[in-house]
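Below, subunit A partners subunit B and then partners subunit C, in two separate complexes.
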Partner chain A sequence: MSTQFTAEVFQNQFLPQGSREVHAIMTVNAGENTEISSSVSGGRLFGIICDTSGSMGGQKIRSAKDAMIKAVNLLPEDAHFFMVTGASQARLVVPLMQATPENKQQAIINIRSIEAGGGTLISTWLEAARKQFQLMPSAIRQALLLTDGQNDESDEKAFDRALQACESVFQCDCRGVGTDWRVAQLRRISSKLLGTTDIIADALMIEADFQTILQQAMGKNISDVSMRLWTPQGAKILFCKQVSPDIVDLTDRAKPMKPQVVDYPTGAWGKRESRDYHFCIEVNPGNVGDEMLAGRASLICTIDGTETKIAEARILAVWTDDDAKSTKIDRRVAHYTGQAELAQTIQEGLDARNRGNVEVATAKLGRAVKIAHESGNEATAKLLRTVVEIEDAPTGTVRLKKAIAKEDEMALETRSTKTTRIPKS
Partner chain B sequence: MPTTQCPQCEAPVLPADQFCEECGTALAEKNASSGCEKCGASPDTIDPDGFCNQCGFRQEVREGDRVEVILNPNLAGVSDRGLRHHQNEDFLALQTVGTAEILIVCDGVSSSHYPELAAQAASKSACLTLASALQTGASPESALRSAMDTARLEVSRLSEGPSDTEPPSTTVVAAVVHDGIATIAWLGDSRAYWISDTGSQQLTHDHSWVNDAIASGKITAAEANHSPQAHAITRWLGADAQDDAAPPIVRFPLPSAGYLLLCSDGLWNYAPEAQQIQELVQKSLGTDAVTISRSLVEFARSQGGHDNITIALFIHHLLN
Partner chain C sequence: MSTYCPKGHESSESDYCSECGAKIGSPSAAIAPTIPEIAAQLCPDCSALHELHSGKFCEICGYNFVTKAHGELPIIQSVVPEVVTPLETTTTKQEPATREWEVVVTIDPSLRHPDSPTPPADATPITIRLGKSTHLIGRTSQVRAVYPDIALDLDDAVSHRHALLDRQLDDTLTLRDIGSSNGTQLNGVELKPMVDMPLNNGDVITIGHWTKIIIQTITQ
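Let's look at the complex of A and B:
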């Protein structure tokens, strides 16, 4: 009789007199059956955008072609798909079609004919993909972009425009193969298009990675979900971040809906998916004893033009003169504040290292090791070990490694935003 | 408690005052629409939990303005002041006795004195009597009859005597669910509904001027509903009620899984048809009794909340 989403807020609502900043972590869980009426009846559309510029020649393009063929074979028959290859121009290698056995055969023939050559103008690739996605606006629309290099500098303005136009038309995960691409560049795409960015250091691993992405994409069954946040008049949203499974700062993505209400796009959700959000809201302070609704966060999905609220939770503020109450920091808020600092510290450490500032790099990465250790973020700790020698993790005593493989550094940079959750108590 | 002034003569008045003691200016409307104490927003910006939708601050909630009773995930109820009345004159009672469930909703008659006390006395005494009668093995029908008798006596005792022209009065609807059968007694226009995917229906028949007028054929339903007397009730619990007439009792075997809903007119004014309530229940964000009750209250408030709103809800599951 109701939807399967649940939302829960964790916070210490007690504030000392005069305090204005309210922090809260919201956990959203999609249940076993997230399908909401006609959400999947719009179908699923999956697009592959593959770099075929000259630098992709040789092993990379061979592996990419193999991976695309495998992906096509794995597509469920009721899904739709298309393929765009990109160099100085985009080419629609496989136009939008349903994944029937006959169509798959035709697509595979087309993929085999792909050859590498030319420059890298990503704007043209995005444009070509956008046109395909616009053909099925009510489908769950997801893409995968694979590249090995940097976008041509002449494409900067067109790239910005294209990216802007693609926003909310489709979601896109980005993968960089090898080490000649730039993390920041792909992150701009994936962050605007609600996807992830990761490195595939070895071309032979493309196939496995494609399969994981495809599997996740096919697991999504509700699309275009927004996080709607109401705040009191005069309040300011200092930040809104997704903090689990990875950190994505949503603050600048706020779309004003009406006074006091903004929407943040969260894209598509699959069953049993779980995400955490960290809100920080500055409110007009109340008197001791006052109680305030500092925020009301809800998940909204739009089906055939009708908005449906699928979960809601409230963020409170209560002013008190009892220090014992107001000085406590909620452990989830503390944990994710730490995870955000961890990601930022790693980025700053790597930047300092690239500038040759050994002292700052050592301090930052040492601090990162300490936080990763304390919060039990084993995955990040492991990545840190590829760039520093750890003498003592609890104190964050480290030495920078002299020689670091480029791919290790890029892996750390792309994956440092992955967070851990604290165990339920 | 915030003190306010009469808008006419500036004499101090209490929030519950309907008229200024000094100059006699009617205050009820003023008090009812006092809105947000912090930012002055209009009353319809206050959410069911008292938070202002403009500044976020919570209003001081007077005792009884909002009552939630949660016995278990399948049995709960909410009583809410609504947006226009200055106090909550509804009340509810819930209890589980062995394998039987008791649900009671009362709506104090606004034109009588101390309607809130009448609703409270009736709910509490009826619930206690029902519980002890059921415990001693009485049938639901006879338990309901004695509960209604006790409630009428208790409410009558609130009266100041024969000189009391408007003695405290209340409607009542009381249900006992036992062995998959709902037995329901009522007086006035508080209702019981059966809500289910396989067919929803109203189980009670209002004792109201409208129904009497339509039944007698003097007037059409449309005319009756527009009459100023449309909301007048013809039977109630109180010192001035006829004490010889027994309340009607219906017996309703629960045909499937579903919901037994008791409510005051604060809800059904906005959703009179069982089908409309069924749609509201289906739209609720939760599946437990209190969440559904809250969403029904929120619906009535979103429609204007002109009256107090009270819901008592039992979720009936089929045993496999």
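Let's look at the complex of A and C:
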């Protein structure tokens, strides 16, 4: 069965003699028509997990309920959905059902009855959602988790276990309302469950955000795609990251399939979706003139129970004594190395600022301004302007702002992993 | 049909070895020594690898591939007939090797010049089997990225790129001084640089302060 995935590798394959580290950027494009009939025949299942702890009371819960009702109305009729609300315990407000007009009516009545109250034990919410998703294992399974607070400390262990169990059962985008939630906590969920984390500073914005997420989820038409990476004997994968549209470190997510072959989860893909991956592989050094394959990266999905390779690209290593060749760094590799540094520098800068270390914070955020400026990452540059006064962007000369809105800082923290693509030259 | 890579692994892929990643060329390349398959040829003067798109001069000795003129170094006509053959053709019809060569690297304190440093006392002879078509004798340089096959790092009178041992198509072995600073002696006779000298079992090469290399054949 042919699909329209294409994969392309960008790298400088030339290495000086004795060198072992191979870097490559792989761009994967899903074509116009990625639909694989059997995959979509498994259906689409969309789950909403909504925080109803006491802190959600008032405007937040009202907005969330409105947003959920709108989302239900927008569901295509052939899709399935369910809804879990969570406080100290999870409640299955709407059990898994098809989005027929009658079922939607019933669901909306149930949503209206939701009231806020209780603590925040996210592990129970994830468990309840997992049980629903397991009812339709071949569907495209996406969830949206909305919360406004941090998980109870007593839930730490159960939370880890629940998250572990949910891996590859469903994908989950996380949204934090207001500023009382923890970025790191939601990011742990979204990165394990291959989703995104973002802030909804104002409860009135929940509705618009829900619609975007729903639209994206309904646009996916092939799920459970893996990135399979073969490496030669004696090679070591130093890292594997998704670098566009945002940075997701997949290195620790490697699942060994057989010797020399590991799989990384990439989740569901929609049509015309495009992502970039950065591989860094350490190989046994060759002699000048040797050419070897340092990696064979392919996208794998399961169609009718058989594993199918839907795209493949090769990562090469050629040793040369021509310094002019081996010292060049591929533009894309350089670009994404910079974007990764940008995200890390922002994180370190904000941490330093929170510890009250003004000098380090100024240096780090100044460096971030400089990288954002150089790489044309306008979105991140704009977010940086909310926390620092920029005197000169090209040199990274900045002053920390005295007062920063909490939501601006959190927006910068959550969105700092968004990358730009290299401008077409 | 199974495919074999140049290193002898059975490969499930036909382009690059599924075990070690080595490039798989023509089917018979499996038994040929691992010579690079990129668009390249060997410089007929100094045997350095020359990539076809990297200009008309050899980067090591300055040999001009277009006019076939020699470089700046004083070069005496090679013993090897001057054949500039693309590698693809040299590797296609090669018989499996019947004669193997090895070298024994030793330190001979009697070769020491009065001004030389004292040789290390406890160095044991090292035997290196010549598995490739070309072996570089020299001294490792991280800076210049020179990693010789026969690395004589203890003897600092050895040039980084000192001499080459070339295995010819008929399995004979030749020695060429590639413009070393302190010269190369074969059986006590100083060699002219850039000239191939055929080697025989038991020949002795002396270079540097006190390094002695004994050539041996392995009969199979």
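Here is the rule we use: the second predicted complex is superposed on the first by the 422 of 425 C-alpha atoms of A that agree within 3 Å, B and C clash if a C-alpha of one lies under 4 Å from a C-alpha of the other, contacts with A are read in each partner's own complex, and residues count from 1 in each chain.
Going forward, a residue touches a chain if its C-beta (ideal position, glycine included) is under 8 Å from a C-beta of that chain, and two chains touch if they have at least 3 such contacts.
Computed from a predicted structure; not experimentally measured.
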Fit-or-clash call for subunit B and subunit C when the two complexes are aligned on subunit A: clash
Partner chain(s) touched by A:283 [first = subunit B, second = subunit C, both, neither]: both
Partner chain(s) touched by A:361 [first = subunit B, second = subunit C, both, neither]: neither
First (subunit B), second (subunit C), both or neither touched by A:342: neither
Touched partner set for A:300, first subunit B, second subunit C, both or neither: neither
First (subunit B), second (subunit C), both or neither touched by A:96: neither
Which of subunit B and subunit C A:312 touches, first, second, both or neither: first
Subunit B versus subunit C as contact partner of A:291, first or second or both or neither: both
Identified clashing stretch of subunit C versus subunit B [58-66, 76-84 or 94-102]: 94-102
Subunit A positions touched by subunit B in one structure and by subunit C in the second: 230-235, 260, 283, 290-294, 317
Residues of subunit B that touch subunit A when the two form their complex: 39, 47, 51-58, 281-287
Subunit A to subunit C touching residues, read off their complex: 16-18, 230-235, 260, 283, 287-294, 296, 314, 317-318, 320-322
Complex contacts: residues of subunit C adjacent to subunit A: 13, 15-23, 34-38, 40, 48-49, 51, 54, 59, 132, 142, 145-147
Residue numbers on subunit A that touch subunit B, as the complex places them: 1-3, 230-235, 260, 283-284, 286, 290-294, 309-312, 317
